[in-house]
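Here come two complexes built around subunit A, the first alongside subunit B, the second alongside subunit C.
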Partner chain A sequence: MFGSLETTLDLLPSFSSPFLGLELLPWGRRGRPIGVPTQVVMRALGQFLHGCLGWAPPWVNHEQEMYFSTWIDWETSCRYPYVTGTSVIGIKYKDGVLMAADTGGSYGSTLRYKSVERIKPIGKHSLLGASGEISDFQELLRYLDELILYDNMWDDGNSLGPKEIHNYLTRVMYNRRNKFNPLWNSLVLGGVKNGQKYLGVVTMLGAHFEDKHVATGFGNHLAVPILRSEWKEDMNFEEAVKLLEKCLLVLLYRDRSSINKFQIAKITEEGATIYPAYSLKTFWGFSAFQNPAKCAEGTW
Partner chain B sequence: MLNMPQLGQNYCLWTPGSELYTMGSSPNQIDASVACCAPRRRIQLGQPSTVKVAANLIRLLSYQNKNMLQMGVIVGGWDKYEGGQIYSVPLGGTILKQPFSIGGSGSSYLYGFMDQAWKDGMSKEEAEKLVLKAVSLAIARDGASGGVVRTVIINSDGVTKNFYPGDSLPLWQEELEPQNSLLDVLSAGSSGIPEPMST
Partner chain C sequence: MFRNQYDTDVTTWSPAGRLFQVEYAMEAVKQGSAAVGLRSRTHVVLAAVNKAASDLSSHQRKVFKVDDHVGVAIAGLTADGRVLSRYLRNECINHSFVYEAPLPVGRLVVRLADKAQVCTQRSWKRPYGVGLLVAGLDESGAHLYYNCPSGNYFEYQAFAIGSRSQAAKTYLERRFESFDKYSSEELIKDALFAIKETLQGEKLTSSICTVAIVGVGEPFHIIDQQAVQEMIEAIEAREEAPAEPAEPAEPAGDIQDEGNQDAAPMEI
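Showing the complex of A and B:
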């Protein structure tokens, strides 16, 4: 009825397409090869079950096995970030948490996108700031949107606070890292719930911790030392903004992927406020810049 | 080379030639797999889908197949809710709404030009002139660009496609007026003709 086996296989649709999610490896669990007639039957059965149930069991669909560590394709597994955001800084202050980030999306060394909002409110009680790959950040926002919506649908008066969101993000990031398919972001999660201020970080490896002042990326090296020496308990809004701006300026001067367009966001018991983007004045009147010929003959 | 298949009646997928590398499938296959979703949505909704939806369909393809595809895409169109919109979907699958967008190999030379020349609220004619000027400047400096310029204008009136052959584009630095032959140059004027060298 089908003619030769090659034509039989041609009649069945391609299973190696990334869009179908059905794979059949030509060997069984015990490592012994599966004969071609059996393969034809298994493929057909897999296709039928995939159509009926929306999924096919693992003895017919070997896709799951292909994600075990022995099957990882090392060439494509550790992805590279393309459009990236640079540092995010967060500090606790008297009324809540204050976060700052610039609005740049770099494409390698090019400052390609200059109006990327990298701090977003999550639910009623938290703010999420991200550095790293922007597409992964956008995907995380979708996951969190679904989480918050699901929580709101219970309509039971409870709402997800920063601790819960932080834990959720940790699990998501760690799980992706275990599958060698990370979300390439460093996240800063700040929030206030029932008077309790919370500020935490999750990295792309799933490492997470909580602190009074945090920064990602270059901020770890340039901003954290400033915060360690100048942060104090219960600063008011003005002092906190001034401290953040000091860190942002240092990052602007010294980090090549930062741009002079920042967004500061605060989260308090009343809710989240994301201030409009603005630029800071920079200072270039150093005496060392005025007369460079003092150190190098012949230059100007 | 500009590759501009139409997704639907009211939006265009622009894949700047050299930014589109796919392993195992050509640009046309990508367009085809997305183009099959767009008409389906049109039937479901009873009207053309919005530009945002089209852009997100492409973003989903790009993001979910990050390892296997590399495509940088700009989706532009018009719908009755938000008017004209441009969504940039670079490598990786980020989606960003922008007032204007550039991409492809020749775009490196256009960042400065667009920073200076683009203004908000340009008319249709001004905008087309700007696009034409930009692409012709890119052609002047980018080895991978050249030939002809095709523009598409999408607005409430529909889709207008224009064609500009390469020899109708303005000349830039160190480019000379094209001639039929040296013989015409010689016969035209005796000012630039060199004398034979004697020693």
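Showing the complex of A and C:
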């Protein structure tokens, strides 16, 4: 068909092989064995064409067989997060669920965006907070928007509660992880429906669980111990906010990707409220911070 | 039955604006053995008459559990009913898997109705020849729906389908206003009464009927034959009693009792 190219290409093995796609002396279509170098060339040619043109002729072996789980698919690789949010904390209290998160979006080590809302209301009964890749969070919000839209369109007195949304998110996250294309988020889903309070977490691997108080990211290490010792059943709003602020302050001091601008959000039977962002008072007047050059001449 | 030139195809309209094939499918439902459904605010009962083809064979299955909170009773082509039950079960299971919550009954019947409607608008298909009484419970309460081969569905307080169902409907029409407050036992008794109406003289025993119930705190289940037989016997004992035991016997009441006795046969 295509002149000299045909002779080599025709020699590709017509069956898939289990080891690296290459085999010692497999049979080619011409009935003669093909050596490894030819196979390597053919595979390389396939990848090259596929990368350059976006496609490769079918006789060139360009499909990546997933023999090894570490191989990366060309188009949709297991993405690395770029703009990330840090911890989210959630606790149950008397009237419902309270969530807090800072409004920072980091670009690696740079605190690039300082007004990112990381907690959003979902439907009538839930709040979703996310840490991790912000664009993936926005994608999830689109999915949920569609879900809630269709749910509302039924107009039949039934509505999706926090438990249903939590499970739906678990399915989405788990299926994406199975395709090696995760949504790089840790989600906190809180809500109240028919008097029942609900608070759950879904990780980027699809692991999910429920608890009375949860946190993601650094919050797991810094906030959860505080919550474990100081959370109590049926706190009123003020007590709950004080507890959250205590955790947020620790995170502000110790997590380098947090900023001093927080949003508290609450969800009760009446609905969701996301409070405007505010800052906490910090104290840096420790004696050890005075005279920083004391032990290190020339430092600032 | 009407035989005319517009009834060959389900996609042919008649000049009068009817789809005869769909109407013939609804006839198939009327030929099937009876099924009744009744609902109160918290419970729904389904009862069906199971006829066996012969003494040697087993009874036709008419009541299917679809999920813990939903069940159906069918009348008409039982094969079609079985296939639709499988579809309903699948929908419920899929919803439970994604949302870990029961599929609201109203949404389930709409999916079923849409599926039935497709068969009324494709020349290579035929309508399902089965009517389904869908009984279920969700957060908006207890529901009883009737799904038609035409793709229509309606919600009912009580309904009966199948052969001689008119007798049951007449009985239910007289009583339905008080159903909301009934307990589950009273609902079941009324369902059995309604079934009895469709038998027109034949003896009602638990071997020829199936009764199922779903309600608050009670997942959908078919009541076992023994319990049904006991309830039937209780009903029959009550029927044979001289009068409804509402008033205690008084001298003046004797005449009233007499009057009641005359009135009682008309009640039934």
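Observations, loosely collected:
Definition applied: the second predicted complex is superposed on the first by the 211 of 300 C-alpha atoms of A that agree within 3 Å, B and C clash if a C-alpha of one lies under 4 Å from a C-alpha of the other, contacts with A are read in each partner's own complex, and residues count from 1 in each chain.
Rule of thumb we're sticking to: a contact is a pair of C-beta atoms (placed from the backbone, for glycine too) under 8 Å apart; a residue touches a chain by one contact, two chains touch by 3 or more.
Not measured: the values here are computed from a predicted model.
By the document's definition of touching, of the two partners only subunit C reaches A:194; subunit B does not.
In the superposed model, A:82 lies in contact with subunit B only, and not with subunit C.
Within the superposed three-chain model, A:206 lies out of touch with both subunit B and subunit C [touch as defined at top]. Using the contact criterion defined above for the overlaid structures, shared-chain residue A:162 touches neither subunit B nor subunit C, since it reaches no partner. Of the two partner chains placed by superposition, only subunit B is touched by A:105; subunit C is not.
Looking at the shared chain after the overlay, A:133 reaches subunit B, while subunit C stays out of its contact range. Once the two complexes are laid over each other on the shared chain, residue contacts for A:171 go to subunit C alone; subunit B is not touched. Contact with neither subunit B nor subunit C is seen for A:90 once the two complexes are overlaid on the shared chain. Put simply, subunit A touches subunit B in their complex at residues 18-19, 73, 76-77, 79, 81-83, 105, 107, 110, 112-113, 115-116, 133-135, 138-139. Contact residues of subunit A toward subunit C in the complex are 154, 156-158, 160-161, 163-164, 167-168, 171, 194. Interface residues of subunit C facing subunit A in the complex, by the touch rule stated above, are 97-101, 104, 106-107, 138-140.
In the complex of the two chains, the subunit B residues touching subunit A come out as 33, 59, 63, 65-68, 88, 90-96, 98, 108, 111.
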